[in-house]
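Should a chain be cited, it is by its letter among A, B, C and D, assigned in written order, with residues numbered from 1 in that chain.
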């Protein structure tokens, strides 16, 4: 059906890092285009002032009052918004969550397999023939994504006796925090062969090793431009090798088109897994070229790509 | 010799004080009016419920904070405490209700203990509650390492109950305002508490057991915190360890907006409840305005400033200095 | 005159350490820092205590710089605190990197710009507090939201790299001591000197103890408060630039952790929360302690829940132990 | 209760033996014996820092003695069991030297918090009524209401409330009332009302201890006098058997008779205030402020009238005018320095040492030569003033709180007089200052005035007006009259303040 008169809102809980900035930018770009082309009537985005579930719940409730037809959510918590999400569904509103997904059954969920994102790091280390001690840099404690990636990592390590996690810190997906936490633990650690990360923290880890005068281990990166730039620099200087992976910020555009498709009457599965976007030694130069300074390796989706994706998913 | 008139200490000061007391209500009314103007649909049972029901747990958290402010202390741990309660509500409560109740009682006990220690060793409340906030958060993460759990059915049902006549947030506001007023402004205990905030030496000299009084104050704050957490988890249906971390600052802002002061035992329970409603509304009000995303965060700051600037205006026109 | 010096009795029997600690509110935090350091070294199977100390000094330098400012603000009286520090650090970091734009020659202008941004935020904070009579905690909270919005608009989440000279300086060590730590030490001494030997310093303590009495004693109350907020934000601004230089570029969230951290450091360091008694050495002790405590808990492999729980318990324990019991 | 009290009159109520207490290096009490009998009013006198307040604090359980024992009505009242609470239960009440009201509460609420055990509904009404009854009995015409907030009252009124609250019976017995300088902030009338009430109180067989530095009051009301000096009781005699001279010499101070000296000092300028002398303080007449007020270089100007009738407000306005010198109806030349009387709220910096508290008023001079404060000079000057005022303390680096009330007041004098300000504003500054010190301070003021300094001096003590060249009388916030030279008399001041009040 026609969605010309439909209004779709983005409820976002946090804007304070490069991934989120890229995510908002992608949303803005794709939806502006959709609005001028008359695909939908409106698609504003709203960000809460603090990364808090309660505030976002209130925001969603206001969106219900505003009469939006669909709400796209990057959630502060997978569970704490369930009450508000349920209210939205009950009011006949389509709710699509992505990246930070919600568990409320009436909502749609679009994300990458975060467990896989964890496991693939260990697999990569193994493929490089690395052995010995690992350092794990985690995200924000008590948050869903952190726990998923962590589980992926620990499960994979359990399967490979050649690895031992000798230290684990919370870098909060923030370069400066990661740098500080790693610096603090480093002097108590033996030689480290590789570092498993969650994204947004790899550059800080590298800085910490440098500052401590330790040899740089293999640090798994998270697709941030600064991480890639550092990697390229190291590669050019001393043939440094690693790998990088993350969810693309353009997931927001995917979620937008999903919401639009549902409003147009399409049948869409409740859960969809996006491909993890990966940068390897081979694709590094290309990725660096394409990624703006301060941004993240990105994939934006078009309406057609999403329709195809849905068709394949069925 | 009789009738030495002492007119100088009454009069304009009283009028300004009264305007101050009205300020939170005026600010709330203005915000509501703006919302209704932008979105007439909000002006209904359903609309008001949606608009304000997340203020319910905030009101209780604010009362808790105000209890502490009344003794001229500051509680930096109420947010994490509410989170912990919500986690208990979403994990232990459904399956092991007895254990859950014991855990809540223990948590309130720790609060009281903190109050006692603060008094007995003359510690700054800010540091102790800062430490406590890590304790609560740690417990919450241990209990619920990853978001989830489910609030017990009865709690969810209670929080989505369609109250007669007026929507639940309004009833709750009335109830908490009355409880707060009776407990803190009218009751003998409340008077003692405010006295402790105003001049601790005076309370000590009158022979009160200060440790017991302050422990009581913290315990009551804990009970309000428990109410807040349970209602929050009833609304959200499940919890995470950070669910209410923001309540610490929100509750301070709400209490101050409502007319409380940081020192001297000056608090206003009714104002605090209205303050809680105002702060909640202000934070989500922006969805009703069309503001560029980049400026939305700052806009919330401006709303806070605007509401509080009204106070300065009252002082100016009320003739206070 | 009825001077009666025979009042002086023999010294009392209070234990020596207690009398020593009585006038030194900062002692507790310093002892705690040393203990945390020793415990970490003992628990770790790693290379060295020296490395740990170096890292602690480098990171504590930032904490110390911002906390000194927070200390001044807290010292001007009950209810005073600056909650806008994280946003200031974010904005000034962006400003510094943009002004420097990778060029060594622009290092000093960049640092000045960052400090200037801080001073601007400080003036804005005090404007809200003084002109609109908004309680400081709320005023600086509101200001922090506004400043963050500006930072988002200025930086757009862009990470600009610092000039090579700046990065090198930030990584520089003199006799094993990070240059930043030396810089922070210099600032610490200046602040201590200011507090002890200038009218402004004395005024800060006086206003914090009794605002009315300070006014009557002829001190400039409002100017003093203004200066406290401006110095605080100015130091936060400078620190924003340093953090960006240290960690290879600015980011919006680079100041996040300094909200609770500065408050914790200031009060654990022995500064009176109700104002009027700043404690400069305690800032170093507490900053080192907070860093080493995290290092310790990480080193013993405590999970996040346990780690936070222990952090809380230890903070409370330190403050309980460090406080002298009031005699009746 | 009342009957039994009267019947027991003359029996011992309190016995303290060998009570000793020290604070760090200061030995405040060094073995004090004291007996209080039922039905008597005992005056406790002594110079500042003699140990009076410390003794009182021990009697009423606020402080634990290091040594010695205490009996109350024959029962031992010792050790951990003797607390403020316990003392209250046995019928001991105390009005402390530093006020014990909560500023943020109303009178009724303040009444309630002083009654730890009573708990009932409608307590507010009852507490208010009880307090009002006592107020009406002791201070008829007080003009207070139960819902007045204490913080909005002037200090004189607060002290009235404090005293009345202590005298309100309530559920607990009332056997012994200890008043530590209860009249220090009261105007003459209220003080007289209180003294009269004390007489009727002891007539009922109750006991009262009165601490005051106003010798007039001592002789008017007490039955027996206990003189303390340097932490010991040096004399205990029936009041009738001693006189002013003997009392003062027992306190360790030379006999003084201020009045003639004062009059002599005054003649220097009295009547001679020619218009040619340049005024340094000028307040123009206005309906709001009353008649014009002015002060010349070297003049000592008194502000009189009932307590709380605008004198303090005038001083504050002058202080502000000097800081922001505009073309106002009020002009002050050169700087001002302020001597607070309400030292708790207006004067003392509690976290600072004695020295710091003093030198905070001189900072401008101390950094005259460099941008940094000259610490050596600071210390030297503080030491000079310590000697000049005879501060009773072993060490200027001790906290200010270690000084007795009167000695704290001396510090505030030093703070103002040590500054370079040509105009000194004094806000009833002699509250709690002993006779000896007062005499020294009066001399100091005269000396400084001779050197060209101007003093504007609000006082609640009539005697002090004799040290002034001219006096302005206040009523209801306005200046209603000016007295000079021999016109300055208690009768004239009272007449002026009441003429206006009645109008």
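By definition in this document, a residue touches a chain if its C-beta (ideal position, glycine included) is under 8 Å from a C-beta of that chain, and two chains touch if they have at least 3 such contacts.
All values derive from a computational prediction rather than experimental measurement.
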item: Path length in steps (a step moves to a chain that is touched) from chain B to chain D; value: 1
item: Where chain A and chain B are represented by their mean Cα positions, the distance between them in whole Å; value: 35
item: Separation of mean Cα positions, chain D and chain C [Å, integer]; value: 42
item: Geometric centre distance via CA averages, chain D-chain A, whole Å; value: 71
item: Rounded Å distance between chain B and chain C, as computed from the means of their C-alpha atoms; value: 29
item: In chain A, residues with contacts to at least two other chains; value: 15, 49, 141-142
item: Set of chain B residues in contact with two or more other chains; value: 140-141, 145, 296-297, 300-301
item: Contacts with 2+ other chains: residues of chain C; value: 145, 148, 152, 272, 304-305, 308
item: Those chain pairs that satisfy the touch definition; value: A-B, A-C, B-C, B-D, C-D
item: Contact footprint of chain A on chain C as seen in their complex; value: 40-41, 43-49, 51-52, 54-56, 58-59, 90, 145, 148, 152, 155-161, 171, 243, 246-249, 251-254, 256-257, 291-292, 294-295, 298-299, 301, 304-305, 308
item: Partner chain C, residues of chain D touching it in the complex; value: 22, 24-27, 30, 47, 49, 62-64, 230-231, 252-253, 319, 323, 335-338, 340, 345-352, 356, 360-361, 363-364, 367, 371-373, 375, 387-394, 415, 419, 421, 436-437, 440
item: Residue ranges of chain B touching chain A (in the complex, touch as defined); value: 39, 41-42, 47, 50-51, 53-54, 57-58, 90, 140-141, 144-149, 159, 232, 235-247, 280, 283-288, 290, 293, 296-297, 300-301
item: Residues of chain A defined as touching chain B within the complex; value: 9, 15, 24, 28, 44-50, 52-55, 57-59, 61-67, 77-84, 86-87, 103-104, 140-144, 146-148
item: Touch list for chain D against partner chain B, complex; value: 62, 83-88, 94, 96, 98-105, 109-110, 112-116, 119, 123-124, 140-144, 148, 152-154, 157, 189, 306, 308, 310, 476-477, 501
